[in-house]
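Both of the next two complexes hold chain A, though its partner changes from chain B to chain C.
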Partner chain A sequence: MSGTGTIPLAERRWSLLVTVLAFALPVVFVLVPLAIFLGYSFFSVDQGTIVHTLSLGNYVRFFTDPIFLPVFWNTIVLCLSVAAICILLAYPAAYFLTTLKGRWRYALLMLLLVPLLMSYVIKIYAIRSILGLNGFLNKALVGLGILQEPSTLFVFNMNAILLTLTLLLIPFAILPIFLSLERIPQVLLRASDDLGASGLQTFLRITLPLSLPGVASAASFVFVLAIGDFLTPQMVGGISGFTFGRILYSQFGTAYNWPFGAALSVALAVVVIAAILVGERFGRNRGTAI
Partner chain B sequence: MTALPRLSTVFLAAITTLVAVLLYSPLAVPIVSSFFTIAHGNVDWSSPTLATYVALAENHDILAALRTTLIVGVCTVILSVVSGTLLALYYHSRRSGRTLLQFIIFLPFLMPPIISGLALLIFFREIGLERSLLTVVIGHTVFVLAIVYRTVLMRLQSMSRTLVEASYDLGATGWQTFWRIVLPNLSSAMVGGAILAFALSFDETMITILVTGTQSTLPVRLWAMMRLGFSPDINALVALILMFTVLLCVLAARFLIPRQVATERT
Partner chain C sequence: MNQNTDLLTLRSVSKSYGTVPVLHDIDLSIKDGEFLTVLGPSGSGKTTVLRLIGGLEPLTSGEIRLDGQDISRMPINRRPFNTVFQDYALFPHLTVSGNVGYGLSVRHVPRKEIARRVAEALELVQLGRFTDRFPAQLSGGQRQRVALARALICQPRLILLDEPLAALDLELRRQMQEFLKSIQREIKTTFLFVTHDQEEAIGMADRICVMQAGHIRQLGTPHELYYKPNCEFVARFFGENNLVAGKLGSVQGELRSIETALGRLVCSIRDQPHLKTATDGASAFAAFRPEALHLADAKDTENRFSGTIADMAFAGSSTVATITAGADHAGQRLRLRMPSRVDGSTLKSGATISLAFAPHEGHLVLA
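This part shows the complex of A and B:
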C-alpha cells in the first residue's frame, strides 16, 4: 500500500518542480522588472539620488503640472490621427487585394508587407530626407505647381511625426483588414447581388460591417505602436514636435528622474491597455462564420 | 467580389499604387544612392558606381557593429527557441497556471518597447548587472519569446494526437516519444520561429538603446550616426541587409507552411 501512496507524491513533487521551472524565466525577467518599475513610480529623486520612500508625488505632478497633460492629450490625438490615416489608405488597398485572384493576391500582399523588414532607423532617415527642404516631396510639389517654393512644413514638427509614423505603420493596418475582408463568405455577397442590391449597397451593408473587426484591430495595432515610439519623434520632431514618448525617454537621460519617468510609463501603459482592450472587444469576428 | 464597376476598380488600384509608392520610397532612397550619387535631391543617373560597397568593406566600425548584432541575434535565437519550445510544451500539457504563464509571456510583446526596456533597465540596476551584450540578449529574448512560443504552440496544437498514441502503443517511453515523434514534428515550426526571432532581434532598436552597454548593435550604431548624417557606404549596407532580410522572409514562409505529415504520404 505504501508503494502506491509514494508514487503520486513523487509525481506531485515532480509536477510542482516543472511548474516552478516553467514560471521561473518569465517571472524573473518579465513580471519582476515590471513590478519594480511600478514600485519606482512611487519613489522620488533628491539631488540626483533616488529616495526609496513611497509617495504619490509623481502622479500628482503629472496631473497638476501644466506641461504634461497637454502633451499627453496631443500625443493621443496624434496617434489616433496616424491610425485614422493608416486605415484610410490601408482599407482600399486591402480591398483591392481581395478582388485579385489566387497567386496575385498573396504576391501583392507580400509586396506591401516587405517594407516592414527594412531597417527601422534607415527608414526614418530616408523619410526625413524625402520630407526635407531639399527632399523629393518638396521637389514634386514645386514641380506640380502646388507650392511656389520648397517649404519646411514637413520637417522637424508635428506634421513630420504624423507623416513618418503613418509611412512606417501602414503595413500593420493592411494585414488585419485584409484578413477580415478575406474571411467574408462569398455566398453573402452573391446573395446580396441576387436580391438586387447594387455594388455600393452590398459594400455598405455587407462588406463594410463585416470588415469592421479588422479595422478595429488595425486601429488598435497602429495606435499602440505609434504611441510607444520615442525614436521617430526624436528624429523628425525637432523642437516643436514634442510627444509623450520623448518626455518619458528624457526622464531617463537629460532630465534624470527615473521615478517620474516610471510614473509617466504607468500613464502610457494605461492608455495602451485601454487601446488593446478596445481593439480586442471590437476586433472579434461576428457573423462571418458560415 | 465579382462585378465591380470599372470606376471603383480604377480607384482602388490607384490607392493601392499610392500605398506601394509611399511604402517603397523610403526603401528606394538608400538603394538608389548606393549606386548613384545624389546631390541636393537630384540623382546623377549617368555614373553608376560600386564605390560605396568598396568603402563599406573598409568601415571597421560598422562591420564590428554588424558582428555584434549577429552574435546577439544567434544567442537570442538559441535562448528563445529553447525556452519558447519548453514553455509551449508546458502549456500544451495542460498543467496548472498555464493561462497566467501565457499572459506573462505575451506582456513584453504587447507593451510598448519603451516600457519593457525601461523596466529591464531598472531591474538590471537593482540586481547590479552591468549593461553589456548580456543585458541586450536578455532584452531581445524576452521580447521575441512570445513569437517563438506562439509559432511552436500552434504547431503542437495542430499535431494529431494519434501520432503520440501510436508511439506509446508500440511500446515507446515518454522520452522516446518526445525525441522521435514530437520534436521532429515541431522542428520546422522551431526553424520558422528561429528565423522570425532573428529578424526581430536584428532590427530591434528601442529596447536595445535602453539596455545596451558600450558595445552597440547595428541599429543603435546607425541611430547614433544619424545625428551627424550617414556616409554613403551605409546605403550599400542597407541595400545588402534588405536583400538578406527578404531572403530570410522567404525562408521563414517556407518553414512555417505546414509540411504534409509523413504518415499521410505513404
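This part shows the complex of A and C:
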C-alpha cells in the first residue's frame, strides 16, 4: 500500500499547517517570552533606563547581597511547610471521600472544590478577617479560655502567610490525592484482607504506597502555587512576613529594576522546575497495569 | 488428609443483595483434599458462593462450618482460606517476592523464613527466576502463577479460585489446567474452583457442583454429571447432548421406555431410583450423547429411527453431523459425532440414514 500517495495534496498541506501551528503556538507564547525574560536578566538599569549590555551583575548581586538568599531560603521553607500541612490535612479528607458511596462522594468533593471558583482576593480578605486581632480565631480562642487576650500571632507575619496559603491551596491537594486513592482497585484491598492483613496493615502496605503518586503531585502543585504567590504575603504578611515573591514584585513595581527582577524570576523558575520534576518523578506509578 | 471427611459445610445458605435473592438455601459439603469445581452460567450465583466462603461478603442467612465450627461471622483476615482472584489482584507496587511473601509478612513471620518459603513457593510454580520483577513485567500466565503462589504460601485449608483462567488464551488455559491439577495433587490442599467453562470443569475436578439461578442443580463426579444428569438443565448445560421430549412408559429391570416423536425409545435408569418410581405418562426427555448415536446396523434392535443429514461439520478429530428426525424428518434436531477419517466421510448432506443408540447409553431426565 502506498500510504502517502493516496492522500490529496490539499489535505496534506492542511495537516502540515496544523502540525506547524501546534508547535508554533507554545513556542511563540511560552518559550519566546521566557527567553526574552532570560535575556533581560543579563541587562541592567541606569537611572531609570535599561542598559542593553550583557553582564552577570544581577546574579552576582543575588548571591552576594545578604538580603536575598535568606529570604529566598525562608520562602522555600515556608512553601514546603505549606505543602506538608496541606498534604496532612488533605489526605484524611480525600480518604474519607473515597469511603463514601456514589453520589455523596462527588457532591462532597464538589463542595470542597467550590472555593476554587471564588475570587482569590476576596478569599484572602475573608481569611484575614478570620485571623485578625478581632477575628473569629482570636475570639474563639479567648472564648474557649485558651488565650487570655487576643493574640497578634496570626496576623501580619509569616504565620499568617502559612495559614492563609494552606487554606487557599488545600483544594489543590485534595483533588490529586482523591483521584489516586479512587484509582486503587478495590480488589487489591480485598486481596490484602484475604491474605490476613489487618485494616491498618492494608492501609500502610497497599493504600498508602499506591496513593503516593497523588501525594507527590499534590505536594508539587501546592508548592509551586505557593512559591509563585506574592498577593497573599502582600496582604496578610505585614512587615515581618517578607517573601521572595514580594521582593520580585517590588522589582517590577516600586524599584523599577526589570533586569534584576528577571534574574530573581529565573532563580525562582529553577526551583519551580525542580519541584515539578521531583513531583513528576515520584508521581509516576511504578508498574501501573495490574 | 482424608478425602472422606468434610472440611467445610454450607447449611441452608442464602444471600440477597437488597431485595434481590442470588442464592436460595444452598447446602454443600466440601471434602478435605478434593478439587471441587462450581460450574454455572453467569448469574448462577457461583461466584457468590466463593465470596461467602472467603468472607468477602456476609451471609443473609444460614451458616458455614469449618471442621464443625461455625465461621459465618469470622472476619476475612482470620479465615484460613486464600483466594486466587479473577484478575489476579497482584499488588502492582510490590515485586513477585513481595507479593508472594505478603501473607507471611503481615503475620510477622521472620524475614529469613519468608525468604525461604517464598523461594519454595516460586519453585513450585516454576517462577524461580522472576523474584525481582514487578507484576507489570510479567505475562498473563506468569501473573496467574504468582497469584497461586501467593495464595498457597500461607498453607490455607482451602484455596478459592475465581475463574482464574478466564483471561488466558486457549493454549495457555489448557497448560494451566494441567498445572493447577498437578499442584493440587502435590500440596494436597482443598481447591474450590469457580468457572463457567464446563470443559475446564471436566478436566480438573474431582467433583463438580452445577449451579443455576441461585440453586445447586447437581453435585457429582464429572462422569456422573455426564452420564446421569438429574435434570434438563444439567443435561443440556453439561456437554453436548441430544434431548428428545416424550412420555414415560413401562419399566423393564434397569431400563425404561419413553414414547417420543422418534417412536418408542428405551433408556437406562440404573442407580436412579427416582426414574423408576416416576409415574407412567410423566413428561420426560430421552437424552443421548452425540458420540452414542451411530448408523444403525443389524445388531441394533432397539432405539432405531431414521433421519436426514442437514449438515456435516469437520471438527478435527471428529466430524459432527446435524440430523433432522421425527415426523417428516423435521422438528427434531440431533447431533451425531464420529471419529474423522482421512478419506472423508461417506455421509453426505441430504442423505436419509437409519440411526440408533444402545439402550444403556441413553438416559432419562424428568421435564
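Simple rule for what comes next: the second predicted complex is superposed on the first by the 259 of 290 C-alpha atoms of A that agree within 3 Å, B and C clash if a C-alpha of one lies under 4 Å from a C-alpha of the other, contacts with A are read in each partner's own complex, and residues count from 1 in each chain.
In this section, contacts are C-beta pairs under 8 Å (C-beta built on N, C-alpha and C of every residue); 3 or more make two chains touch, one makes a residue touch a chain.
The structure displayed is predicted, hence computed values, not measured ones.
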Counting only touches as set out at the top, which of chain B and chain C does A:Asp193 meet: first, second, both, neither?
-> both
Have a look at where A:Gly238 lands relative to chain B and chain C in the superposition and call it first, second, both or neither.
-> neither
Touching partner for A:Gly57 - first (chain B), second (chain C), both, neither | neither
Have a look at where A:Ile206 lands relative to chain B and chain C in the superposition and call it first, second, both or neither.
-> second
Of chain B and chain C, the partner touching more residues of chain A is B
Dual-contact residues of chain A (chain B, chain C) 190, 193
Can you check the complex and tell me which residues of chain A touch chain C?
-> 185, 187-188, 190-198, 201, 205-206, 209-210, 285-290
Which chain C residues qualify as touching chain A in the complex?
-> 54-56, 76-78, 81-83, 85, 87-93, 102-103, 106-107, 134-137, 150, 154
Contact set on chain B toward chain A in their complex | 1-5, 8-9, 11-13, 15-16, 18-20, 22-27, 29-30, 40-41, 83, 86-87, 90, 95-97, 101, 104-105, 107-108, 110-115, 118-123, 126, 138, 141-142, 145, 199, 203, 205-206, 209-210, 218-219, 222-223, 226, 230, 234, 238, 241-242, 245-246, 248-249
Which of the residues in chain A end up touching chain B in this complex?
-> 15, 18-19, 22-23, 25-27, 29-34, 36-37, 40, 89-90, 92-93, 95-99, 108, 111-112, 114-115, 117-127, 129-130, 134-136, 138-139, 167, 170-171, 174, 186, 189-190, 193, 199, 207, 224-225, 227-231, 235, 245, 248-249, 252, 258, 261-262, 265, 268-269, 272, 276
